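Consider the two complexes below, in which chain A is the common component and chain B and chain C are the respective partners.
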Partner chain A sequence: MDSKRRDFLKIAGLTAIAGIAAPSAFNTLLKGEAIASAGQAAAGGHGAAAPTGKRYGMVIDVKKFTENPGLAEQCVSACHTIHNVPDFGNRKDEVKWIWIESYEHTFPTESQYKRPDALKDMPILTLCNHCDNPPCVRACPTKATYKKKDGIVGMDYHRCIGCRFCMAACPYGARSFNWRDPRGKDANGQPFIKAENPKYPTRMRGVVEKCNFCTERLAIGQIPACVEVAAQTKALVFGDMNDPNSEISQVLKTSFTIQRNPAIGTHPSLFYII
Partner chain B sequence: MYGKGRIIPALILFLGLMTSPIWYKSGEASKMPKPEKPKDYTECVAPTQEMRTSHMVLLNQWRDDILREGGARTGKTPNGTEYVRSLQNGCMKCHSDKKKFCDACHNYTSVKPYCWDCHLQPKEAM
Partner chain C sequence: MIEKAFKGSTGYWVWMLFLLSIMGVGGLCYVQQFNYGLGITGMSRDVTWGVYISQFTFLVGVAAGGLMLVLPYYIHNYKAFGRIVILGEFMAIAAIAMCLMFIIADLGQPMRAMNVLLHPTPNSMLFWDMIVLNGYLFLNILCGWVVLQSEYKGVKYPKWIKPFIYLSIPWAISIHTVTAFLYCGLPGRHFWLTAILAPRFLASAFAAGPALLMVIAMILKKTTKFDVGREAQDKLVTIIGYAAMLNFFFLGCEFFVAYYSQIPGHMHTLDYLFWGLGHGDQVYNNLVPFMRASVIMGLAGIALIFVSRAKQSDGLLVISCLLIFIAFWIDKGLGLVLGGFVPSPLEYVTEYVPSVQELGITAAIWATGFFILSILYKVAISVKLEKEA
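After this line comes the complex of A and B, so read on.
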């Protein structure tokens, strides 16, 4: 009886040691793997390794917009006309897919100290960054917004419940909420959508909307509306950033560009030449 | 029975009133809706019966496939006619009168889809 009890205690002790040691050994191994993969990514560049496959991006040459006054406004109006974006006539209810912003508001993380005076009044065109790691997609509770295979952050307005979590999550203010019915009319009887484009739907009250990188135009072989407007001046360059022969890859290779707030790890697809 | 002189006529009156909608419409069957089909086109993207029962499923499939998976924007009917997989730019190209086509059945079955809150219907039908 005594020897049996002794055996039992031995087995119990060994099991306890094994039980405690195994998970920690396992964790150590996993950590090793994580460090190893982080090392690989660091070798590839800034942050995690860039995804392969198609990834649409845009380069915005800010100087070209100063050289061509009015061009930025034309880009905005082309986009908003094609996509039936309503103009509610006040900043509070404003809906915007692409808009003009000042340097200090576009790049609040860049130093504003001792910058050239010309930067102050420079119209900087900005739109949805189509981030590689989009915070809005993570915040959306209904999967109304999602990341597509070609890098575009899309939206399905049918699924949007208007909770505006995505607006709170977006660090670039690229999302707008329809506080009012976009099909409605203002006090003077003027419709909020000046001329409806019959090829594209409108939105309804209570949904969030944003730039879709003209995914509907890309599908039929056209370039985004804003890029088309700026085509002559080459102020906007659009294309597949993962294709080494594309125009945008060449521009990115040869020019120094900055992104909006890159430190937060969203990996934007918009690049600015200042 | 206490007060049968009043209770029984009142019951009969009550039953008569409750069933009056049935008496009112008795004998005439309500008309089946006749959605107007386009004259210039003879075939749809799927057989009539399938379209009748599950056009809404098809529209949802198109939407999810195109928006999320980057699916094809056009499709082909069994006879090889190309069509656009879109409510606004596809369906309404042939079925250009919403009132005479969509609404005919939707009103009959008291279905109120919210398609047209966002999608634009063809101008001539508005």
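After this line comes the complex of A and C, so read on.
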């Protein structure tokens, strides 16, 4: 056998091995997501079915916030107070976990033609969607952003390197970066965190943060702070969407809800009743 | 061999001192940024990456551009690149060093950079980028140094280095592909979400990298006795010219898809970059003059570079290479990264203007890159000239 031919066979052999190994390596890379979505497609569709096990979600009944002026603001302030979210007083440095947004900015992918007038000034609460297929988790190079078994997308502030890849990846603008020290004071000596809650850690400069679905409250049997504020009106309903007896399951079964930009396959856990 | 970097003309020392002074000023800016936080830059909640990451993206291309010399020389045995190939390898080293510095400058918690290795995350493209960039840096240091050392000793390079040289070829492609994957795998960022991004990155890299090299080679020709040779020059013109054309072809494809499909998300960023994006009662068009200039300079550069060869004019060659280099620097070093954030996923428009400190740090990192490059080139050229004398 001349050497050229031998070389060729060697290369061919290697290529064959690579060819066999590649798909399995690729699946490992995607952590079996490919198989999972192919295996359990919803009946009649080709999208991925909802995973089993606990999955927390939230329904936001937008009309109730118009009926109860000021309620949305109370939800925001409850969350931000409890979680020591700093207020820098400008848009550039802004940190927010939940905020009030207009319909056209919350749902830019929905048709903007011929909307009811009522939609125009409707305050819509916007927060992290705790996506079931979260691009932020996929992008994070340190696992500082991770998905928990109950569907909550959490953050480890002590591991985050502040690369902000997750912010580029999040299609809902749900993440904030601490451009400056949140524990500091402004020029007039006012602290950025008005009244510090000792039960929740403050963050350091240079890390990303976002709504954590009140993991720390769920752990001690409480409901999320924003949901608690809205409890009387049932404007926000929170619970395990995979428990058929939960309140949220009943609401989802009986009302027409929409998600933000569902076409991109993130499977948000937030549902809006408009 | 390294001692050659410490012997030089007055011009060499003035140049190095000039670079050092920029590095010093930028270093002070970095101290400020380190103490205050990234809020000192022009970046904001909506535009979360700025000049640091866009320079990084562009420089990955400059590094990958060295491939256009290594490949013909080592694989096709194209002897005319014998003198210039080392310049390509050393330029890759300097460019990657700049890339790594830009990433560190961009981190909110730079002291934790090692977390990427402590908690390896294969599903993150940034993790892979870290691996391929460092691997490419290592390969180029190894191959460049070993080959030059052999030349210094007057022997042919050892056989064992060959596999590393071959490996560096697909590796060069990988660094720019993975860097493109940082962007083009993100749902909800229409401008980046295009399968043609990696090919486009490569095309612009194979034009911008060699173009910069050509400019440097021409400067060396004037200031030292080092001449890469007419044949190598002419060949590079072909490479730069066609790669630049390919880049514009890809850009044209992007335009077609956006404006023929009429999908708003696909058109918005192109609108913003080339015509200005109307939003509310305001038109946002910060980058329009730059992007338009980029297209004009790029096309003019392509035309001129072929004229320069026909006329055998070094002056024209330098001008056309500069035009192409600057055109692609604007295209990738500004428009690509900044444009991706406009409009935001919630369709707000926030424009970004870098701060003085940010520009200072950016200039300092470029200066550090040129500092490294100057040392490496000084050594390489001294060795080459000595051997040929």
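Note that the second predicted complex is superposed on the first by the 230 of 274 C-alpha atoms of A that agree within 3 Å, B and C clash if a C-alpha of one lies under 4 Å from a C-alpha of the other, contacts with A are read in each partner's own complex, and residues count from 1 in each chain.
In the analysis below, a residue touches a chain if its C-beta (ideal position, glycine included) is under 8 Å from a C-beta of that chain, and two chains touch if they have at least 3 such contacts.
Source: prediction; values computed, not measured.
Undergrad: Are chain B and chain C a fit on chain A, or do they clash, once the structures share the same frame?
TA: Once both complexes are aligned on chain A, chain B and chain C fit side by side.
Undergrad: Just to be sure I read the superposition right, which of the two partners does A:Pro244 touch: chain B = first, chain C = second, or both, or neither?
TA: neither
Undergrad: Kindly classify A:Asn261 by the partners it touches after superposition: chain B alone (first), chain C alone (second), both, or neither?
TA: second
Undergrad: In the overlay, answer first, second, both or neither for which of chain B and chain C A:Gly70 touches.
TA: neither
Undergrad: Between chain B (first) and chain C (second), which does A:Cys160 come into contact with in this model arrangement: first, second, both, or neither?
TA: second
Undergrad: Of the partners chain B and chain C, which touch A:Thr202 in the superposed model: first, second, both, neither?
TA: The answer is first: A:Thr202 touches chain B but not chain C.
Undergrad: For A:Pro141 in the superposed arrangement: first (chain B), second (chain C), both or neither?
TA: second
Undergrad: Answer with first, second, both or neither: which of chain B and chain C does A:Cys170 touch in the superposed model?
TA: The answer is second: A:Cys170 touches chain C but not chain B.
Undergrad: Which partner does A:Gly221 reach: the first (chain B), the second (chain C), both, or neither?
TA: It touches nothing on chain B or chain C.
Undergrad: Between chain B and chain C, once the two complexes are placed on the common chain, what is the minimum CA to CA distance in Å?
TA: It is 11 Å, taken between the nearest C-alpha atoms.
Undergrad: By the touch definition above, which chain A residues appear in both interfaces, chain B in one complex and chain C in the other?
TA: Common interface on chain A, chain B vs chain C: 204.
Undergrad: Would you tell me which residues of chain A are touching chain B in their complex?
TA: Of all residues in chain A, those touching chain B are 84, 146, 148-150, 154, 156-158, 196, 198-204, 219-220.
Undergrad: Applying the document's contact rule, which stretches of chain A touch chain C when the two form their complex?
TA: These residues of chain A touch chain C: 28-31, 91-95, 101, 104-106, 108, 126, 135, 137-144, 159-165, 167-173, 176-181, 204-208, 261, 264-266.
Undergrad: Inside the complex, what are the residues of chain C that reach chain A?
TA: Per the touch definition, chain C meets chain A at residues 36-39, 43-46, 48-49, 103, 106-110, 112-113, 115-116, 118-119, 121-127, 130, 182-183, 185-189, 340-341, 344-348, 350.
Undergrad: Touching chain A in the complex: which residues of chain B?
TA: Touch list, chain B to chain A: 63-64, 66-70, 73, 88-89, 114, 117-120, 122-123.
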